[in-house]
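In the two complexes below, chain A is the common chain; its partner is chain B in one and chain C in the other.
This part shows the complex of A and B:
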């Protein structure tokens, strides 16, 4: 299955036979007090720095979240999207929990956006899916519902199937549905990652859907998180994950993704790998 | 399935629910001219250095190969094994293509050794398996036969099943059979790693056998091999690989294996991971 996204000038395709899609996640004020204050004062300059770092790090797409308490998020998000589309041609993943913000973001966006996200709760789907359909966008959906996050892969699969029915009912093609199978923290439950990987495997085997994840969640609370994340992504990729919302500023993790592309046959003969290596060598020599 | 190995004082168990077994591979003169000359002159001192480096790097077991042209390999291998057992309590994987060397190595070894290796060729199995049975050892078997290395996972499975029948016929328990599903080079064939990973998955699913691999083969001829190997091992582990013959001197690759142990639930609550991190911090501070 191919999920095709675009900016006004660039098309990006996500699929199991294609290089992994890195969705750069830094353009987000959560937990960044100074950035929040700047945004509240109408100063968007930090966004330029964050975008450039994600682009330089190798992001294929950008997740943009403007969730700042005590601001008009719809206005802020649409301003940020317009500005970002002026400085990069990477497609954008519009990230908010507020419907009005998603709606304003989709209005402002030029191209076909990915929207992050909807849950499997009926009420949420009935509000968000018509918006997705109207804008011809794609949607990230999480297999949790009114009852919370299911403990087993089987239950997550059941909610995925419910989401698929709802998506189809709203006239949205399944290729525009990207599942987030919920990366849980292994420090809180030794079986958490195995369950997530099992869910990834089954979603791919049964439905062939594209998937994404907030991959760094798995290592929360543990030391040397970068090393854990760099080992998690190859595992998730071989099981069927096709993209991740991740911080492209960490070279080791991006390298691990590009190595996995090569190993899994989506960078045939290593042409991307070798040109990446040459660029790094040139940088190191300069 | 648990494969239990031992030295005279230490027991090591390999299994899908246990931490991955790193078989340190450096104690091998192949491609090392100076080391070969030393061994030919009866000087075993380099072995002490090599053993120490593998132990320091975190090897759980040591592969010992004394294949030097123009030497009496059986004599050399048994001397090396006796010497190594005097300086470390790690179990040994006795590695030779010469039956007389394997036999001498097994005679010299104290404990339960792993033998590397036998192919699925009837003639080889009829010679080596009685030796394994007589010494109560365990054996690494490769799913290639008279016709060469099979191109598909299915054909490798067929040979694995033939090997299983032969092992059982010789009265050796299947828990003492470790399959090497043949890590091929992705630089020579973009599908090579996918085929190997598929074979690993099927061998685990159908037969639950332990597996090992010369993991670094996958990156042969490509730049930044360490990064490729560090991404390959998590993939192979999630598919069912339980050990690898690898050089423990590369910290990034050992870290990737230990991270995968934690992510896959075989280092519950990260106790190994956290103590490893503390040791590294103490080393860095000293």
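This part shows the complex of A and C:
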């Protein structure tokens, strides 16, 4: 299954036979007090730095979340998207839980966006899926519903199947559905990551869908998060994860993903790996 | 083991999150005739306070806080009925829930554990808590504080809706209200008309204690 996304000038394909899609997580004000204040004052300049660092770090795509409380999120999100598209050709993942913001973001976006996200709740799907269809976008869907986040892979799979039926009913191809099997912190539940990995494996085996997740969640509340994130991603990739909203600024984490691409056969003959090496060599020499 | 040694061991094992040892020491202490209030106030609560302080300083991490809380609640299960008999007062009752539309509960559960550890009686309404459910719980449990958690910018407005419903039910003066969750800020808490906000579980306990003290002062006849 191939999920094809684009900006106005660049196309990006996500698939199990392709290099992993690194979606930079940084453009998100949650937990960034100063950034929140800047955004509230209409100052978008920090975004330029965030874009540059993630592009330099090796992001394939950028997640853009403008969830600042007490602001006009639709307006903020659409101006941020326009600005970012002026400085990078990477496709964007439009991230909000507010439907009006998603709508405004899609209006502003040039190309085929990935929307983050819808849940398996009927009410949400009935509003968001028509919007996705209208814009010809792709959608990330989370297998949780009205009752909460399922504790087992089996229950998550049941909701995935419900989401698939709804997506097809709305005339959206399954290739434009990307499942987020819900990464939770291992700091609060020793089994949390095993359950997520199990869900990834089963979704891959049964439905072959593309998947992404907020990979940094797994290390929340723990020390040395970079090492945990860098260890988790290869595990999830083996199970069938094809993308992640993740830290694209930490070289160790990105390297670990690119090494896994090669080891798992999605970077044939190591051409990406070798050209990365040459680039670093040249950089060190200059 | 002397009584002092038992207290010290309880403190240490709670800090280490060693649930079986904490339970065993609690039973041992009771068998030796130590009062449940002594066990709670001289060992368990100070230990959890230390856990909170270390967490705030960044010396303790989430799993350490969780296992310490679990160790303590094992002991509390034994002590609670005995404490009720002695008439020892809980330091406050806290009704907690994740707001309607939101299913996130890791942060909320962490706050619950720390509140229980500090001696609060916690009534957890779970996730997807509709305003009516908060109101019913206020009527039934007469809490000192109602805590609301939200993880999403879309569900944060439920703070205001819920507070408004509590006002309409004529119960706003009966409780202090605290809000929290990843995207929540002090400023947002002020705007929705909450009495308290905290950015993490340990600070939430401190804030809750302050609010209870303030309410009790206000209720005292001049």
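In this section, the second predicted complex is superposed on the first by the 286 of 286 C-alpha atoms of A that agree within 3 Å, B and C clash if a C-alpha of one lies under 4 Å from a C-alpha of the other, contacts with A are read in each partner's own complex, and residues count from 1 in each chain.
By definition in this document, a contact is a pair of C-beta atoms (placed from the backbone, for glycine too) under 8 Å apart; a residue touches a chain by one contact, two chains touch by 3 or more.
Values in this document were obtained by computation on a predicted structure and should not be read as measured data.
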Subject >> Touched chain A residues, chain B compared with chain C >> reply: B
Original post:
In the superposed arrangement, which partner chain does A:259 touch: chain B (first), chain C (second), both, or neither?
Top reply: first
**OP:** Pick one for A:149: touches chain B only (first), chain C only (second), both, or neither.
**Re:** second
**OP:** Figure out whether A:184 sits in contact with chain B (first) or chain C (second), or with both, or with neither.
**Re:** second
**OP:** Considering only the touch criterion stated at the top, classify A:218 as touching first (chain B), second (chain C), both, or neither.
**Re:** first
Subject >> Partner chain in contact with A:194 - chain B first, chain C second, else both or neither >> reply: first
Subject >> Partner chain in contact with A:67 - chain B first, chain C second, else both or neither >> reply: second
Original post:
Does the superposition put A:97 against chain B (first), chain C (second), both, or neither?
Top reply: second
Original post:
Can you pull the chain A residues that chain B and chain C both touch?
Top reply: 187, 222-223
Subject >> Partner chain A, residues of chain B touching it in the complex >> reply: 186-187, 190-191, 193-194, 197, 218, 222-224, 227-228, 230-232, 234-235, 237-239, 255-256, 259-260, 262-265, 268-270, 273-274, 277
Subject >> In the complex, chain C residues that touch chain A >> reply: 61-63, 66, 103-106, 109-110, 127-128, 152-156, 182-185, 187-188, 191
Original post:
Across the complex, what residues on chain A touch chain C?
Top reply: 30-31, 33, 36, 67-70, 73, 96-98, 144, 146-149, 184-185, 187-188, 220-223
